[in-house]
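Heads up, there are several structures right after this.
Next come two complexes built around subunit A: one with subunit B, the other with subunit C.
Right, the complex of A and B next:
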């Protein structure tokens, strides 16, 4: 099986090379047969990467420890689910997953059948193939998941206990789809540059890809945060660790991108900016893979050192140089068709939104790579702590939230002060009233008051906007409110899906603020029978127990919890000792709701569990972050979902009349 | 012509954002960056780095470890390859596997008394990420 997998990868290189040659010759000679053959080769490539991936899954499934990667990341006693997820527990498997996704996306690009895409598709396919080639070469020669171990191990090392969590099955997959997906809009952008097409065809073509990619990246990031919260056992969810930052960077520029492309679609502006943004986003995705998978930075999730770091850096350099050279050649056709007419317009609010997002990205990037740069240049290792990142993201984040509230309600071109007054009077008053009330109720933390007030402002503007839309529709059609709401939103999916995602951001910011400003912590050592009090909770410690859990041994306790004197049940924090890992894993116990999580860590104990030391946290509003995630998913899917009749029209008939397209249903 | 007035306002907005970013980055940087120093450098420079935010790593000296579970305070020493040591105090929980010879990584400040007060403490475990074959170690 290992041989089949490896041969598939090496064959993949030849197939990719053939596809590249066929596509390039096909483009040059305008030979449709060659282009068709290239498409066939792309399918073959998707097939070969699938064979390789299935082979690796199989090797994990049967615990074939004659394969080094399997022996290093799995063991006989590992639960079946984790035998599958061990696939991407290390560098070679993760890169194979990358390549597997990429091969399928490449096929998706090669078979794009939209008429307006026809001339761009072969070029975009070439770009995609080059990226494929890079990963295949790495997999075949530098980070081979099928490398043999001789003699074969009797049992494997087991999966890193930290990765034995259901979240760790989903998080890497979604994150990788997110990283890989940005290759598609990038490839079409490059195609547009080569063809010197300055219209927005490449943007329209890739809108859905971008949205899809963005959704997965978002889920990946938030799932990662949730995993860190539940599994790493230090009480937080985000530590500004380089690898976390690496996933945030393309998310920030990608978010900026799909906002600013709307200006290009509507007004023909910011073309140069958009091209550069997607180049940056793709480069940052590769950079993220580099940080995560090559051990350039010492980090919580990164794997050991390897030679592939320099290969990635070289690849990144090629991407940046070639892309920018192309942009430079096309500078004159990338001019804006219109100018900004007012500082109070939709365009300008998008511009500010972009500046803020890219500003945050720049700061995060700088804080992440500075240690590397300073070590290389000055020979001094300097690191930047979380306060640096917080100091920038908090004010910029609040400003962004404000824009989220303001932006959708400002008119294109030029907005009037009257228009603003009508739209923003209620939200403004509501948020001020809320702020005063919160202050009087005892929240004196200024920054969080501002954050909460902003959140209220944004939520009211969004709800008010939906309410107004429904009212207008009811006046015209006489439908009942619910029908009006459904028809209004399903006919403007992009717009209302966007509002829902904005609402999701609002919900998450509530969680960020609660965690950032009001977290409480108690660390205490107690003897059996003693209690610990935090907030309105009291926990009674009965003593330590030990029990086997499969191949592991758990040391745990059952804390009786009461809130305001009323019993709430038992919390069982544990430390689990794994046979193949020196370090035990800390399993926290969480009792939570929308208001707060009671988060208990069994931190340490002296001999015999007398006394045991607990770290107990009260994490306010943290559940809102996870709640926001689901709203984000729903909102993005809502915007992503094709408006049925319209899609059919597009496929079969050129340019349908807009009224007709919106009918049906 | 949409008026240069509008243009100026737009430019002002952009400048405010960029200026804010630059300001926050510079001030944030100076207040939250910390230098990696070796134990030798720390002993050498002494007074000149007292109170500065530093990062240091070294091997744990097993005999020096004193864990006070009541005060939640951990006292220990770290040493480098040449055997030079630095005393450390950490007001926090003793990490798992805090044993002789393990590499400890900490953030903190050096006091005038020569004791390094750690704000965070991490024990590097070689088996933690890309797993290496280790002796079996079972049970608590």
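Right, the complex of A and C next:
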């Protein structure tokens, strides 16, 4: 099976090369038969990468330790679920996952049948095939998941204990769909540049792709944070690790992109900026994979390998140079069709929204690579960690939140003082009243007060906007409030889906602020029968126990928890010892709600478990971060879903004429 | 509108109640603020790359104990950090110092955003200026056409009401 997998990858190179040649010749000679053949080859490529992926899944499933990658990341006693997720536990498997998704997305692009995409699809397919080719070469010759191990191991090293968490099944897949997905808008942008098309067709064509990609990247990032929270056992969810930062970078520029494309769609402006943003976003996706997989920077995500680092850097350089050269060549056609009419307009507010998003991305990028810069310039290694990122990004983040409230309510073209008064007076007053009341009630942490006042401002602007829409609709139609709300929002899904996503950000910022400013911690050693108190919780320690868990051994305790004297149940923090790993993994115990999480870590113990040391945290409002995630998913899907009128149009629209493969020369 | 604001007020009261409940003073059993302030500025040297105050490995425990010992001896936060830099080099600090070349790490993002804001303001100023010039020409051309002028005024007025 390993041979089948490897042969599929090598064959994939030839098939991709053929598809590239056929597509380029087809474009050059306007030969639809060749273009059709290229499209067939793309399907074959998707099939071959599927064969390779299924082969790797199979090798993990049957624990074939004659394959090095399987032996390094699995073991006979590993639960079945983790035998599947071990596929992407290391570098070769992750890169195969990248390539597998990319091959399917390439097929999706090659078969795009929309009329306005007719001329762009072959070019976009060529761009995507080149990216495919790069990953297939890496997989075949530099990071082969099917490389043999002689002699075969009797048992494998097992999966990294930190990766033995259900979150590790979802997080990498969603993150990779996010990374890979940005190849599609990038490919169409390059196609538009080559064809010298200055209209917004490439943006309209890829709007859903971009939204889909952004959604998955968002889910990947937040699931990663959730995984870190429950699995890494340090009580937080974001450590500003280089690999975490790498996932945030394309998310930030991608977010800026689908805000600024609205200006191009509405006003024919910012064409040059949008093209550059999507190039940056794609380049940052590759940069993210480079950071995760090359080990260029020290990271808690220790699955890098510097051998492929130089290849990724070269590929990144090619992407940037070629893309910017194309942009330079088309500068004339990328000029705006319209001009700003006022300093105060939706357009100008979006520009500042973009400035902050890209500014935060730059700050995170700069902080991430600064250790390399310092070493190159001074020869001195430095660390850039949470104190730096928090101090730099929090002020920008608060300003960005403020703009989230302001941007959607400022009129296009030209706004007025009256417009500002009508839209922002109540939210402003509400947030100021809130801030004063919170201060008087004892919240003295200035940054939190500002953050909470900002989210109150944003939430009020959003709710007021929806309320006004419903009120106008009720006046016009006499509908009841619920019907009016449903009809109002479903007739403009993009707008109200966007508001829901903004509301999700508000909810998440409440969580970030609560956790950041009001976290409490107690570290204490106790003997059996003794108690620990934190906030209104009391935990009673009964002693340590030991029990086998499959091939592992867990040391645990059952802490009886009470809150204000009322029993809340039992919390079981554990340390799990794995046969092939020196350090035990920490399994935290969490009792959570919307108000706070009681987070218990079994830190250490003396011989015989007397006494044991516990680190206990009260993490306020952390559940709001995860709650915000679900609102974000709902909001994005709401915006993603076709509007009713559009569905009807699609139903009655005659089938589009064959455009890509038929008709001959 | 009244009932709507009633709901907003109720929501505010709820959020305030939660906030005041969670914003209690830290427990007396937690690490001292002085110790935490030092721990939060040091990276654990076990290779995990985490900040000492959140790392739970043996190395971090030793560093925490050492910090407490140094604090008890009367050393200040800066003196303790300097002693760690002397032993491990600058990489032991969780963030670059704010002097010399390291200062560029701190100011570059702000300079970049300020420059960006300047460029945007200049661009908007230029665009708005050009637009006003074009607008003037258009008005001059249409002065002879009274109907069109009336229509334009009405459109502007309605747009204003709508906005």
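As a convention for this text, the second predicted complex is superposed on the first by the 641 of 665 C-alpha atoms of A that agree within 3 Å, B and C clash if a C-alpha of one lies under 4 Å from a C-alpha of the other, contacts with A are read in each partner's own complex, and residues count from 1 in each chain.
In this section, contacts are C-beta pairs under 8 Å (C-beta built on N, C-alpha and C of every residue); 3 or more make two chains touch, one makes a residue touch a chain.
Note that the structure is a prediction, hence the values are computed from the model and not measured.
Undergrad: Consider subunit A as the common anchor and indicate whether subunit B and subunit C clash or fit when overlaid.
TA: Subunit B and subunit C clash in the superposed model.
Undergrad: Quick one: classify A:533 as touching subunit B (first), subunit C (second), both or neither.
TA: In the superposition, A:533 touches subunit C alone.
Undergrad: Under the stated touch criterion, which partner chain does A:382 make contact with: subunit B (first), subunit C (second), both, or neither?
TA: both
Undergrad: More residues of subunit A in touch with subunit C or with subunit B?
TA: Counting residues of subunit A touched by each partner, the higher count goes to C.
Undergrad: For A:522, is the partner it touches subunit B (first), subunit C (second), both, or none of the two (neither)?
TA: second
Undergrad: Contacts for A:452 in the overlay, against subunit B (first) and subunit C (second): which applies, first, second, both or neither?
TA: Once the two structures are laid over each other on A, A:452 reaches subunit C alone.
Undergrad: Would you check which partner chain A:562 touches, where first means subunit B only, second means subunit C only, and both and neither mean what they say?
TA: Once the two structures are laid over each other on A, A:562 reaches no partner at all.
Undergrad: Look at A:160 in the shared chain and tell me whether it touches subunit B only, subunit C only, both, or neither; answer first, second, both or neither.
TA: first
Undergrad: If you stack the two complexes on chain A, which partner ends up touching A:546: first (subunit B), second (subunit C), both, or neither?
TA: In the superposed model, A:546 contacts subunit B only, not subunit C.
Undergrad: I'd like to know which partner A:441 touches here: subunit B for first, subunit C for second, both or neither.
TA: A:441 contacts subunit C only, not subunit B.
Undergrad: Between subunit B (first) and subunit C (second), which does A:396 come into contact with in this model arrangement: first, second, both, or neither?
TA: Both partners, subunit B and subunit C.
Undergrad: Could you list which residues of subunit A make contact with subunit B in one structure and with subunit C in the other?
TA: 339-343, 348, 351-352, 355-356, 359, 362-363, 366, 370, 380-388, 391-392, 396, 523-524, 583, 586, 603-604, 615
Undergrad: With touch defined as at the start, can you tell me which subunit B residues reach subunit A in the complex?
TA: 2, 6-7, 9-10, 13-14, 17-18, 20-21, 24-25, 27-29, 31-36, 53, 55, 67, 69-70, 72, 92-94, 96-97, 107, 125, 127-134, 136-140
Undergrad: Sort out for me which residues of subunit C touch subunit A in the complex.
TA: So the residues of subunit C in touch with subunit A come to 4-5, 8, 12, 15-16, 18-24, 26-27, 29-31, 40-41, 43, 47-51, 54-57, 61, 89-96, 101-102, 105-106, 108-110, 112-113, 116-117, 120, 123-125, 127-128, 130-131, 134-135, 160, 163.
Undergrad: Where on subunit A is subunit C touching in the complex?
TA: For subunit A paired with subunit C, touching residues are 233-236, 239, 241, 298-300, 336, 339-343, 348, 351-352, 355-356, 358-359, 362-363, 366-367, 370-371, 374, 377-378, 380-388, 391-392, 396, 411, 415-416, 418-419, 426, 430, 433-434, 437-438, 441-443, 445, 452, 456, 460, 463-464, 467, 510, 514, 517-518, 520-524, 532-535, 583, 586, 594-596, 601, 603-604, 615, 618, 620-621.
Undergrad: Quick check on the complex: what are the subunit A residues that touch subunit B?
TA: On the subunit A side, the touching residues are 72-73, 90-91, 157-158, 160, 162, 301-304, 339-343, 348, 351-352, 355-356, 359, 362-363, 366, 370, 380-389, 391-392, 395-396, 399, 414, 523-525, 546, 553, 555, 575, 577, 579-584, 586, 603-604, 606, 611, 613, 615.
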